[in-house]
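Report on the structure given below.
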Amino acid sequence: MFRLDELVARLGGDLVGDGALQVRRVATLDQAGEGDLAFLANPKYLSRLKTSQAAAVIVGHKARDAVTDRPRIVADDPYLYYARVAAVFNPPQAAVAGIHPTASVASAIPASVQIDAGVVVEADVELGENVIIGAGCSIGRGSRIGAGSRLAPRVVVYPGSVVGRDCIIHSGAVIGSDGFGFAREKDGRWVKIPQMGRVVIGDDVEIGANTTIDRGALDDTVIGRGAKLDNLIQIAHNVQIGEDTAIAGCVGIAGSTTIGARCMIAGGVGISGHLSIADDVVVSAATVVVKSIHKPGVYTSTLPMQPHADWVRNFSHLRHLDALADRIKALENAVQRTSDANNTQE
Amino acid sequence: MFRLDELVARLGGDLVGDGALQVRRVATLDQAGEGDLAFLANPKYLSRLKTSQAAAVIVGHKARDAVTDRPRIVADDPYLYYARVAAVFNPPQAAVAGIHPTASVASAIPASVQIDAGVVVEADVELGENVIIGAGCSIGRGSRIGAGSRLAPRVVVYPGSVVGRDCIIHSGAVIGSDGFGFAREKDGRWVKIPQMGRVVIGDDVEIGANTTIDRGALDDTVIGRGAKLDNLIQIAHNVQIGEDTAIAGCVGIAGSTTIGARCMIAGGVGISGHLSIADDVVVSAATVVVKSIHKPGVYTSTLPMQPHADWVRNFSHLRHLDALADRIKALENAVQRTSDANNTQE
Amino acid sequence: MFRLDELVARLGGDLVGDGALQVRRVATLDQAGEGDLAFLANPKYLSRLKTSQAAAVIVGHKARDAVTDRPRIVADDPYLYYARVAAVFNPPQAAVAGIHPTASVASAIPASVQIDAGVVVEADVELGENVIIGAGCSIGRGSRIGAGSRLAPRVVVYPGSVVGRDCIIHSGAVIGSDGFGFAREKDGRWVKIPQMGRVVIGDDVEIGANTTIDRGALDDTVIGRGAKLDNLIQIAHNVQIGEDTAIAGCVGIAGSTTIGARCMIAGGVGISGHLSIADDVVVSAATVVVKSIHKPGVYTSTLPMQPHADWVRNFSHLRHLDALADRIKALENAVQRTSDANNTQE
């Protein structure tokens, strides 16, 4: 339970109404009941604000007076304010210091660290203060994980990887697996190229469940500070992701591509190898990026879905666009000839 | 070994021929040998029926007399019948009650439950009768798993998740990881939004290997009874999947989307967030769904593949469809003018 | 440290310059410093060769004299040579024989095998000499893994799977999970079809992190000798992959499809079920294959990305290609009529 005036004292914003009101949690406008603090992030839900049972609300400046009878916090960005309030109500899990008896730890680690059941920490590993290593994680030889970072159960960190401070890595993520590098013999057989680079992850990075990040071949694979990666993402060897770039689920980024800072890569996007993507680029869902992008902006190749019968009728032409274009050219020539002929006749 | 008349007594269907014949297993028509029961599910394989070495066959009503000399079971749906016979021959793994000494179990569990090596069951977990938890699974605090459900090795269930009865969850699946939710600061930094909802999975659900299902932000992520999810699927926070909906591999569904009952989502499909998909919708392979679908039917945006040289020639026009359309409009105007002029001349 | 003449004695190639020179590692031209052996695989980086600080270089025949003052190895294929030299400097991890006390091993295994912490090996498993099973792997009953194969931590091998010699399987990979096979009741409910086939993997195969390979329904799923699979790939039941075929990340291959030898499947490709792909086929990134491919060659359906505004303008026509084609046909008819009329007039 927090009083509204406590929240405002801690997080800023303008308080309108009874600051002594106690709220017990944050909730959506629809879900909120007695004792709940809701938020209006999107003005189009204004009507829901009116019917909501929330005890208090977080609103933007324009909606300041949209509800006159309820205590409210007025914030520049109600959604961001909600994120901060939610973190006050739901602080991140704190390390419960100690090593579970079933863990196998071959490195000296700070007393503040929490190591859960079945964890393996190989030799020469450095863990920062208050690190949490969830059940069944495997931390390879010579890796470093910065203070305050939390690994959910069953994360694998290959030898020699570097994870910054205050990172969150979700279950099943694999950090530092071999890049996909092979040379080819004349007869088609593949010769493995040893992958000797590392994965280096900056501070405050979050990595989703079952996401894979390969180590570099000779140089490192680098994930910049503050980057956020969703689930089931594949980051190939030698990729570099800029600071504060967010990547949604099911994205694949091929080898040696560099992505700038503050980019937003939507779900299902594929990005070819050896490309360079500028800062502040947005790539729409399911787009395939096969060329470098040099300027900020939104880039798209999403295909519009249709009812199947319409699709059959329309998409059959996709194989014959060249012929369609030739027919247009022939028509232009014919029309031009007619026009010339008519002009001559006149 | 089962007698044909035993199978018919148990599963229905019409028996034609010697019901005392013993069969030892089910097999494909091509693979079947002595003692095998094969099935003809697709009439186009009728010729294989004739050459098959199967001792007996399951056929539909139309193929009842296609083989006159072999015992056969005539069923309304031979493929469905095959599925049932196969389950008779290969009953699901039964729990071998007991807790492996290397497991770490912090909750009271029924004596009938099987807990394999290295499993972690945190506090306040409820497991139903005959649950099987495979080696190295991690079951987070406060989770519930219904009777008869089976988890293959290395499944992670985050705290507070709910799994129904008779579910099957394959290795590497992650249930209840944090949704991908962040608010953005003015300088582009991301502020994590605590993910406080749950994952709630109904009865008789199957979840494939390395599939990830995120917990809700404020509300729950819900997988309906009887839904079947293949491998490497990403289900984002607050998604709702209807009953008996089947989703093939490599599908990604973005946050807060609702999918109806009995849908079939083919492999590689991507579905954007905050959409609503009706009951009984079929989405073709690799289609990208960016709008809600309000009516049952088949929906598609699959791109036809071509030999590369043809593709280069055709797809170059895709970037210039607008110009092509303009040229067609210009031609129509020119032809109209010519026609008008000719009419005037006449 | 190796002398250049030692390397040439071991790996072939022509030595030009001081063979007594010692090199300590391989490096890129840009990265290389004192004691480093760099390589020029792509002639377009010739200028980097000139500025590189490398002590020695691997070059092709054409670049033999591009640097006159540095010791060099001249090879037919400098990239392949680099791969081999890198393997000399970085030999694969050798098994450290022994079973970790926290492992649960229910089969007799050779003394040369390395079993790490928390591993589970069920009954009737056969492991070849020098196999390495990384921490937390689960090897199901009756599986076989050939000599020299190495499993990184947290790999799951379901019962009855077969892995060849000298394979590498990365963390989180799941081998032998159930195929996605269901028959459908009239009311839409799914009846699971027991998956009774195996996964059979040939020698010298590499399988990437979090890749999933389902067991066959009745027959086996087969990965041919020398095949290389990257991360987050889904191989459905009964698929057959030919020898030396390489598959990049995020590819999905649906059930019962057969892929030939020496194919190269780029990242993000989706291949439908029940298809047949010939030997030596190359499929471009993100292409969707919905028909069999009978001839070697390159096949593509990658969509060109555009700035979003251009995409909106162009792709809106995609839904109306049929109408565009009709308008072209109408124009052709009109122009023909005009032409006929003019001819008649003359």
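For clarity, chains are labelled A, B and C in written order, and residue numbers in each chain start from 1.
Heads up, the rule we're going with is that a contact is a pair of C-beta atoms (placed from the backbone, for glycine too) under 8 Å apart; a residue touches a chain by one contact, two chains touch by 3 or more.
Because the structure is a prediction, the values reported are computed rather than measured.
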| item | value |
| --- | --- |
| Equivalent interface positions on subunit B and subunit C, same or different at half | different |
| Rotation angle (°) superposing Cα atoms of subunit A on subunit C, nearest 5 | 120 |
| Euclidean distance of C-alpha centroids - subunit B vs subunit C, Å | 25 |
| Per-residue overlap in subunit B, given as positions that touch at least 2 other chains | 102, 118, 136, 154, 172, 210, 232, 250, 302-304, 306, 315, 318, 321, 324, 328, 331, 335, 338 |
| Partner subunit C, residues of subunit B touching it in the complex | 26-28, 31, 77, 79-80, 82-84, 86-87, 89-90, 100, 102, 116-118, 134-136, 152-154, 168, 170-172, 206, 208-210, 226, 228, 230-232, 244, 246, 248-250, 261-262, 267-268, 285-286, 302-308, 311-312, 315-316, 318-322, 324-325, 328, 331-332, 335, 338-339, 342 |
| Subunit C contact footprint on subunit A (complex, rising order) | 102, 104, 118, 120, 136, 138, 140, 154, 156, 158, 172, 174, 177-178, 180, 182-185, 188-194, 196, 210, 212, 214, 218-219, 232, 234, 236, 250, 252, 254, 270, 272, 283-284, 287-291, 297-304, 306, 310, 313-315, 317-318, 324, 327-328, 331, 334-335, 338, 341 |
